[in-house]
Amino acid sequence: MTVLPVNGGLVLAAGLFAIGLLGVLVRRNLLYTLMCVEIMMNAAGLAFVVAGAKWGQPDGQVFFIFILTVAAAEVAVGLALVNQIYRRFHTLDNDSTSSMRG
Amino acid sequence: MTLVLLVFIPLAGGLIAGWMGGKDSTACRWISLGALGLDALLALGLAFHYLGGSGNPGDSRWFIEWSQPWIPQFGISFHFAMDGLSLVMVLLTLFLGLIGVGASWTEIQERVGFFHFNFLWILSGVLGVFLAMDLFLFFFFWEVMLVPMYLLIRIWGHENRRYAAVKFFLFTQASGLLMLISIVALALLHPGNGQGVTFDYNVFLQNPLHGPAAKWIMLGFFVAFATKLPAFPFHPWLADAHTEAPTAGSIILAGILLKTGAYGMLRFILPLFPTAVHEFSTTAMILGVIGILYAAILAFAQDDMKRLVAYTSVSHMGFVLLGIFAGTDFALKGVVIQMICHGLSAGAQFMLVGALYERIHTRDMRKMGGLWDAIPGFGVATMFFAMASLGLPGLGNFVAEFMILVGSFQVAPKLTILATLGLIAATLYSLRLIRRAFHGPRQDEKAYPDLTLRERALNGAFALGLIWLGVYPQPAINAVTPTLKSIQSSAATPMAEHNAISGESQ
Amino acid sequence: MLNLLWTIPVFPFLGFLILLFFGERLPRKILALVGAGSVGVSAAVTSLVAYAFITNPPEGHAFHQVLWTWISVGDFHPQIAFYLDALALVMAGVVTGVGFLIHVYSIEYMGTDKDFARFFACMNLFVFAMLVLVLADNLLLLYIGWEGVGLCSYLLIGFWYREPANCTAAQKAFIVTRVGDTVMAIGFFLLVVQLGTLDVQGLMERAQSEWGPASGMATLAALLLLGGAVGKSGQLPLQTWLPDAMAGPTPVSALIHAATMVTAGVYLIARTHVLFELSSTAMMAVAVVGCLTLLLAGFSALVQTDIKRVLAYSTISQIGYMFLALGVGAWSAAMFHFMTHAFFKALLFLAAGGVIHALHDEQNMFKMGGLWKQLPVVFWTFLIGSAALAGIPLIDAGFYSKDAILWAAYSSEHGSFLLWLGAWIGAIMTSIYTFRMVFISFFGEAKNHVHHKPGLTILIPLIILAALSLVAGFIELPHNMGHIQMFSHFMGTAFESAGEHAQTMAEPGGEAMFQILAGVGSLAGVLIAWWFFLKNPASADSLASTPTGSRLHHFWKSGWGFDAFYDKVFVQPFRWISEVNKADIVDGFYSAIAGATQLTHSVLSLTQTGRVRWYAAWVTVGSVMILGALLFK
Amino acid sequence: MTFAFYLFSCIAILATAMVVTSRHPVHGLLYLVVSFLAVASVFYVLGAPFIALLEVIVYAGAIMVLFVFMIMMLNLGPNVASEESQFLRPSVWVGPSLLCLVLFVEMIYVVVSGEPSATAAASEIDPKQVGVALIGKYYLAVEFASMLLLAGIVAAYHLGKRSLPDETTEEAIQ
């Protein structure tokens, strides 16, 4: 009977999430932003799976599947948007695409 | 079922008129006139049957009652009922509705169908308010009359209509929210009839709420109704809404919508929260007196004729507030008469201002003067209704104000004396209106058409109503006597000592 | 016959309706017929009713006719009902009789005015309201008439509304009387709440049985009613509107502001005399108000230049006499003076109107002069009226009625020497200013040309009124001179206590002395006026041009500064407040809420940059803070 | 097993850090694939083989391929890399790093303070269990997920069209 490093798994998820967030905050390229969002979602899924494993329940994994679905849809739409934006502004810099006066 | 029909006819008429509007605007006017006429005939039939002596329903509280479950889980039902008070208010509503259609006959030329749709739906909401005896249903109709009114001001109003409409909406909606909270709190806190939550008026009536909760719930209702009335610190929406609304809108707003506030106080606040009302009555009466004087001073200062008339409404409604919370027999009957008479006199004044605006294209009294020369018919009519508004004896407003003041004199002589000063203030603003618009030298030498036959007829209807109530108000008083008696007896417990005093001295 | 009572007010009302609705379309002759005729019919019916009432008096000397119940609340049932007793009959007779004469007079006087129909409509409405007032069976119905006459007064003072000054005068009249009316309304509230009725007879009974003499409530109620009477009758302190009311056409001044409406206050107090008798304080107040008013108005009348203003101040002063009489309990003397005053003051106004008309609307006496030759009938009738006003002994009605008041002021139980002295000085003043007016406008050299002479419709009413001014006094003679008491006996049926006063007056020696004093006083006044204003005008001017003299002159001319005082204390502050608060400060509160919302919006919209990374950063900051708050709370 | 877990964890962290700091999108993408593979291994270690497979197939496979296609379609020139290095000055890094660090510390704190027994008995959860739960208890959520995917497809199709009306610039002009 092996022992699961539950805390280690959660810490890993936290770390991945923090790095992904850092990427979102720092990178101006929309592609990077999308990638970092993927990282964060993956981290969240990881946390679900770790928690599910801890209690020995399948629900964590089920939720990972849902997150996967969301991620897939998000990437599809997100990349289509990136495509559209690049066509319109000829840049992927998300600071320069803002037309709000705020 | 008759009651449902009463509410339903304007709804249906509104739909048909709205649908016809795009094709033929005259037909659409006739349709709304017809729908209201039909409704008025129905109401008159009821009035003759139940007030004409023969059809007295005996001891029953209601003339007619109709109930059908709506959301039974929460004890909500389509519960309509009619007693003398409701009947009188329904008649007033339909009368002013008919006048309103007449008054907008030539004024409204754009989107006629949609106008009449809104107009009839407002009336339908008002009728529902007067007939609903389920608090949830009451709130439902309360909101039904609000949205079309907003549209009426927003679309067909004068220059500053957008501001006025939004202001109207925000005030009424915010106060309506308070009322909704109060209604829900009342339903939850009330012991009910032992069968779970209920919103039924009869159940609340049999077992009024006491204690600190009653006080807060009562305040919630009070703020909502006082905003609609409007009473002193809640009045600012009124001046803008009345000024900017189209003529028919102003007539309905002043004539009926304000009365829903007074009606709500009579119907709900007084009998449902007797102890809370007793504690609060002095404050409310002070607010009423402040309203009378403050609004009169405001009216005096205005240059805009319509705004002046609007503020007079606030002043007159101060009398209503005073009378309601004085709570004596005299005062309550006076309040009902005042509601009717103010509906007539203010309605007539708004109609005249509207008709005048159609001719001279201004409401600014600084640009008028000497109009009696050009349009003497207007002068006579305006003089008549200005006199009604200042409480000239022989016209209905005098009877009403006299009864209210006598009634409040029984419980609060000092406040009443202050309120009586309102009669002087009313003289000041009424005469100033006449003076600035109709007397003095002419400002221009243009000729304007005098009152048309249609306008004369409408004014005559108003004037006859006021004279009738001025010299023979007894039918109206008799109609509401049983209702007011039961309201008083519900509210009597803590007020017993006052009534005892006034009873002895009579 | 008495059942015709209700038709008396109805005829003028019908006339009003016809003139209102068809006034624009009918020819002038028919308008005149309807306008004057309706009042004439009403006068005829009144005389029929009077005949029936006198020859065959109803039980209790009062006739009561109920039309319908007006309001019925609890135990309070005011009715639309008429009540006829001697008091009401005299009032109704004067209103319809004098009213009819004035209407006839107006046909010519207003003949060229373009608003002929409006004039007669308002006049008819006035007669209607006045009749309702005097015939009312309860105070609430009386109030209809009371405010109705106020409305007509307003409409007629502002008849020539194109002139702003007239509008202002009209407004002033309405507002000032309305102040009094409001006080009176408060009195009504008190009566209803305390006694439970406004029916005059019932009220008097209950007041006697429930309050009794010297009760504080009775005093309060009486004083509140006095407030209304003071406003309507132009007594201190609400007299300021009456001189300005002369802005209306002269027949209006004659009918409303001399003969009838302004005496409504006298009527009210006489009507509720039982209540006043319960309180000696209230009686005293009435007497003092009357006495002060008659003096003040007398001095003001002395320095006016406008002939109608002289007459207006003299009206105030004469009504002061009536109040004095009421205050000392001489009810029938007050009514007697009311009647003679109605005759001679209407006469004076109409005659003055004749002059004004003849001189193309010239009202300044100093621009008249020497008119006695040019307008003989007007002159003689004016002279008769003046004699009656001044109370020239023996020959005219004014002497007898004023003498009765003077005697009562001294001899009655409420009277005193001071009141008599005031009234006596007032009488001297009256005759001075009256004959000043006569001498200045009718004697001396002619300063203006007479454009057209008055026709018969003007002269006949003048002559009838002049005759009445002379002979009306002989129906009531002091008991040392003929001792005729027709009037006071008749009035005694309405005032139960009036007979008692007649007995207390029985001191023949003293009375004769007072009569002589009164006669001498009025003759002396004529002499003084003759000396200063006809014989030796320079002396009057030099007296007026001394510093004290001119200041006093100005002070009196402006009516003792009441107008300026009210303007400072009431009018200006009210205007100031209303002007300051024009935009409604309460609205400011709600605007502040709206403003705060908008401010928050504009601050928060700064964060709407469209920069996704910043949004993410803020989300992060938020989650850090929430997590932190949860962890380290 | 524990050793494997830590090893793959380190790889995942390092690879992810490289993603965030890389200059060229394609490089970043490759690091991302590495990261995903490492996480998939972690899943396997944690006793979730089905999820590990899904991770490889969907994340590292399908989604990354989408990214690659997109980069190829956009055909970003060499100036992108230089532009990126312009943006990535140290001063830009400081604030966000601190923020993320704080968040990380807080999350660690949550994890550490939550449960005294930091470990649990390993027990593999096989795909069958997952399938039963998915189609049994969560059938409604599955329906929603499918609708979401459909919506994603429609949206992506719509946005991917060449000629969309050019609203943004019009508004900018106004």
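Letters are used for the chains, namely A, B, C and D, taken in the order the chains are written, and counting of residues starts over at 1 for each.
To be clear about the criterion, a residue touches a chain if its C-beta (ideal position, glycine included) is under 8 Å from a C-beta of that chain, and two chains touch if they have at least 3 such contacts.
Note that the structure is predicted; figures quoted are calculated from it, not measured.
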Touching both chain A and chain B we find C
Counting C-beta pairs in contact for B-C and for C-D, the higher total belongs to B-C
Separation of the C-alpha centres, chain B versus chain D, in whole Å, is 64
Here the gap between chain B and chain C, centre to centre from mean Cα coordinates and rounded to Å, is 38
Whole-Å distance, C-alpha centre of chain C to that of chain D, is 97
Whole-Å distance, C-alpha centre of chain A to that of chain C, is 93
Chain A residues touching 2+ other chains are 21, 25-26, 28, 99
Touching at least 2 other chains, the residues of chain C are 617, 620
Flagged in chain D as touching 2+ other chains are 96, 99-100, 103, 107
Which chains touch? The pairs are A-C, A-D, B-C, C-D
The answer for chain C against chain D in the complex is residues 617, 620-621, 623-624, 627-628, 631
The residues of chain B that touch chain C in their complex are 232-233, 235-236, 239, 294, 297-298, 300-302, 329-330, 333, 370, 372-373, 376, 380, 383, 387, 392-394, 398-399, 402-403, 405-406, 409-410, 413, 416-417, 420-421, 423-424, 427-428, 431-432, 435, 438-442, 471-474, 477, 502, 505-506
The residues of chain C that touch chain B in their complex are 20, 24, 68-76, 80, 118, 140, 143-144, 146-148, 151, 154-155, 158, 161-162, 164, 167, 171, 174-175, 178-179, 181-182, 185-186, 188-190, 192-196, 574, 577-579, 581-582, 584, 586-587, 589-590
Listed in rising order, chain A residues that touch chain D in their complex are 1-12, 14-23, 25-29, 31-32, 34-36, 38-39, 42, 46, 49-50, 52-59, 61-62, 64-66, 68-77, 79-84, 86-88, 92-93, 99
The answer for chain D against chain C in the complex is residues 96, 99-100, 102-103, 106-107, 109-110, 113
